[in-house]
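Have a look at these structures, which come just after this line.
In the two assemblies presented below, chain A is common to both, partnered first by chain B and then by chain C.
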Partner chain A sequence: MSEAGSTLPAEKRLSLLVTVLAFALPVVFVLVPLAIFLGYSFFSVDQGTIVYGFSLGNYVRFFTDPVFLPVFWNTIVLCVSVAIVCILLAYPAAYFLTTLKGRWRYALLMLLLVPLLMSYVIKIYAIRSILGLNGFLNKALVALGILQEPSTLFVFNMNAILLTLTLLLIPFAILPIFLSLERIPQVLLRASDDLGASGLQTFLRITLPLSLPGVASAASFVFVLAIGDFLTPQMVGGISGFTFGRILYSQFGTAYNWPFGAALSVALAVVVIAAILIGERFGRNPGTSA
Partner chain B sequence: MNQNTDLLTLRSVSKSYGTVPVLHDIDLSIKDGEFLTVLGPSGSGKTTVLRLIGGLEPLTSGEIRLDGQDISRMPINRRPFNTVFQDYALFPHLTVSGNVGYGLSVRHVQRKEIARRVAEALELVQLGRFADRFPAQLSGGQRQRVALARALICQPRLILLDEPLAALDLELRRQMQVFLKSIQREIRTTFLFVTHDQEEAIGMADRICVMEAGHIRQLGTPHDLYYRPNCEFVARFFGENNLVAGKLGPVQGELRSIETALGRLICSISDQPHLKAAAEGASAYAAFRPEALHLADAKDTDNRFSGTISDLAFAGSSTVATIAAGPDNAAQRLRLRVPSRVDGSALRSGEAVSLSFAPHEGHLVLA
Partner chain C sequence: MGLKKAFLRLATIGLSIGLMTSAALAANLRVLAWDGYADADWVKDFTAATGIGVDVVFIGSDDEIWAKIKGSEGQDFDVFAVNTAQLQRYIKADLVSPIDVTKLPNQKDVLPRFRDLTAVSGVTKDGKVYGIPFCFDSIGLIYDTDKVKPAPTSMSVLWDPAYKGKVLAYDNGEHNFSFTALTLGYKDPFNLDEEQMAAVKAKLVELKRNVLSFYTTADEAQQIYQNNDVALIWANYGQQQVKALQKIGAHVAYVNPSEGALAWLDNWVISKGVRDNAAAEKWIDFMLSKKVGGELSERTGFGNTVTETGSAGGNDKLVWLNNVEDPLKRSDMWNEVKATP
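Coming up: the complex of A and B.
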């Protein structure tokens, strides 16, 4: 690096511009909209027009109305379940990938990630047709003799949402787990063997703890994406699969109550930020932070 | 511990990666309680030897015996050996005590016992105060000592060290050499130390095994290797040396002459029966160390030749002169090392000198 004094003025200006942009873009496109939302949540609606005056009415309604909190809570439980199921399925898959050699490893990884390239809506339709009463899943279960007749257990309800979200979001779980597993230096595993550990002990004491950061970020990814989704519940949830995202959507789309919708969004944002912070907290390895 | 019993024996051990052979028919015995250094340039197969013994890789052929039992197929976690890896391989998510106690805890030793032995091991490597730190919070030398404590706490029959000092700076490396040697004496465990640094090897080893291109070239004490190298590679690789090519002359007791460009040189062949047996006229080298060479005076009648000083290099405690010797002062480049003096050495660049070395300080190496 040359001394600061020898830097050309033009270069200096450019680097200043880059710095300003780096800060300005997130501010303009992320923080300002969030702030506007926060502002809106304190307004109210009177006969279809927004009243621009400070009021805590939206929050009072959210916490006191018997509809919202239970749905909010059920949605959180649903999305935590989605995250857990995703992790449980993604971990073995990612672990298996890391045991493969060279070309196969990345070919299979790409194959697992290909669904991300497909249209979201098309995927939901596809899954819907699999889950339906006459869908592939029911037919297969009946054909295998596991069920006597088609079950409604996963047709237009919470289970359907859980299954669909899991299928849609699992690539987001595989990738971070795979990366964290791949980053574990092989020599640590050899050192564990060398010190007398069995394969299982090495996995439980070395591989698993060292991959937890990937698991944490996978879980927070999946949770955040799941809780923000309103389309999937709308399309596979039917009447019983009512989630917070759908309520939110209806406030903007059908009720035209933007201030209340904004207040609900703030509640959702709080949960999302909490999830990201928790993910970040556990996403760090002890020992890597001084 | 009996230094004369063999702990571990390698019998015609070979190793290939695919079709590329890296070890050819290695035979090696490691004595109980000794500090054996495997020395060689990179690509000589020295690390492979260590990995085969440690069980990190399977052999291609041959066998490894521990106390006479074949352990070639024994899995890595059953072998009573522990390795100190080149980059330490400390577990980043465990504290120093967690790392050191790992080998005991996977064997389900009781917590109290682990705590006691961890404290003991950390005391031994002088890291008692750092028990609760994580590896990332330690310096290179401290990590090194954690890795050592982690290996020796399991009381292995053999500790394998894979260039453990390579990442340290020179001063720390010297301290660690002394430290390793003293620990080895204290715990009386057999050490197998792999390095490419011959200074490190000389400083620590009871015996050195010199490897090149997948073969063992010589196995012996540092003194043996330095003064009685049995091949050109060892003579050149192990310390600075002057090698002068020639044809062997007749044997005269413990001495033998060799006809070279510097004239007839007489060198010692004591304890080297193969040199006594070699045919007259066979190609060989006269080898003598730069510190054995000196300016000749009237007493020196043997091994006397002339040359010109072409370069002088001050190297701290000693000064090294490069000398062009032989016919027309050009046939042979030699190095002469003399102790440095504050008022400058007696040597001048460009000066013609008469040189000599004592016959018992010279040796022969078959070409």
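Coming up: the complex of A and C.
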């Protein structure tokens, strides 16, 4: 083996090195940490120190304690809603972008992605002040006569988390939808037109089905990002917007119960992986729904 | 030849300079402190007055102090600052030396509440003094003077339905259980039995229904105050928080509740590995001077132990923070409170 190695030309050795690195990086930085996480979830904590012995206690607690499952379920419902709202808003925006010609299309796309360059925390702060009782939204609604007086409906509850996450994550929905819309060959649309289909028919029977893979990956992106977030619920959720991310966060911060936190993370990871698999399944088979 | 000689001479000079500086360093007092506890001008004044050089290392967290002191078994520093809740841990691990209070003339002139150190929970053990109180702040109540009338005297106002949705509380299970225990009249808010825990939890669920949101940083509370209708804030950041709010024009005032306000207290302690005990005592005594105390409060906004400040009136009841019976349990129960619909 070593003999063969030494006779390899330098180029081949280099490519071997690159291959090894290509496999080693994800193993070291993704698989190993995940495995450690999984391992930790079977440990327990006694008097503030971690006991390194196998126990299913964390999982038993997750499924039996009346606190965790309802919060878990509510959080999933919330994040699915965020994904749906994001798609409903992002689709028309992405569709509009594809109708633009030439450089306008990309200039506008870049503009829509600019918020991603800003600090996440600053955006949450900004959105929270917009949603507040004396915030811009309330002032605008009162000025327009839609509301009699400022409402507390928009901040420190589940609505606030939904609104804030939607605003924060919408660029992640626009991009995949835009890409899938842009990839639809123009000839198909023209053929449909030639054969006498109306604009609506063309959209419903050609554009929409062909863009569904983009919609699916956008939905899974948004869902995964939303469910992993603990900062937004912490900052705008108030007393009724208690989400799974906040429970998880507290296990690592104040509680110092890493094993239980790891077990909760595993539960979250299962949902995230399922969401990604579903997104990918629809993303890969554009033909099935058409 | 000449070159070799010159080189040798250079080496000798270098060596002697090296020895001189290490000798100078050896004589310096090694201080480990929070930022703001050993300002450059005080250090300069101290050196001018006593002839003792000082090397200061600043730390940013309780864990960092523990790591630095425990890591060297107390050999790397002579004096350091630590809070009452943490101090017992250092005493137990034999990392600190008892302090002879008679060597600290300024200790006689401190505020009444700090004069009898046996009455300050956490700084003594078995009759020996281990910590000299230096800096503190209470966790009181900030109220909007336009909205809250008459001025509140107890934390129980946080439960008043008149202020429903106008209360800002702090997102921390440990502190919330402690202050609610005080509000319920329990003697030792840091050691609650099962029954008391359950009662406090039920009370916190009630509190939650009166609260607008739970904040974590002072900035955050301020921003929420500016954009919403807030009347009462449980002031985890005490005086700093009040002053920041007053600066932006808010009509707010601060009160320590009559049932007792939780308060943190930082102390100077002498490490086990102290090289020159007399120098360490001089440092602590210097820190207890009226000038340093006054400037400390002026610069940081915290209370000092020698002059009166806004942190606490002379008759205010303060309850020095201590380690709680089971932090994990409090954290879990706090999550249960938050998850209760």
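Here are a few things to note about the model shown:
As a convention for this text, the second predicted complex is superposed on the first by the 277 of 290 C-alpha atoms of A that agree within 3 Å, B and C clash if a C-alpha of one lies under 4 Å from a C-alpha of the other, contacts with A are read in each partner's own complex, and residues count from 1 in each chain.
Methods note: contacts are C-beta pairs under 8 Å (C-beta built on N, C-alpha and C of every residue); 3 or more make two chains touch, one makes a residue touch a chain.
None of the values given here were measured: they were computed from a predicted structure.
Superposition note: with chain A as the common reference, chain B and chain C can be accommodated side by side. In the overlay built on the shared chain, the residue A:I206 is in contact with chain B alone; chain C does not reach it. By the touch criterion stated above, A:D193 is placed in contact with chain B alone, chain C being left untouched. Contacts of A:A143 after superposition: neither chain B nor chain C is touched.
For the superposed model, the angle subtended at the Cα centre of chain A by chain B and chain C works out to 150 degrees in steps of 10. More residues of chain A are touched by C (comparison of chain B with chain C). Legend: residue contacts after superposition of the two complexes on their common chain; A:M235 is shown touching chain C, with no touch to chain B.
Least inter-chain distance for chain B and chain C in the combined superposition, rounded to the nearest angstrom, is 46, based on C-alpha atoms.
Residue ranges on chain C touching chain A, taken from their complex, read 165, 171-174, 208-209, 211-214, 216, 220, 223-224, 226-229, 327-328, 331-332, 334-336, 338-339, 341.
Interface residues of chain A, counted against chain C in their complex, comprise 45, 48, 67, 70-71, 125, 128-129, 132-135, 152, 155-156, 234-235, 237-240, 242, 246-247, 250, 254-257.
Across the complex, chain A is touched by residues 54-56, 75-78, 81-83, 85, 87, 89, 91-95, 102-103, 106-107, 134-137, 150-151, 154 of chain B. Contact residues of chain A toward chain B in the complex are 185, 187-188, 190-198, 201, 205-206, 209-210, 285-288, 290.
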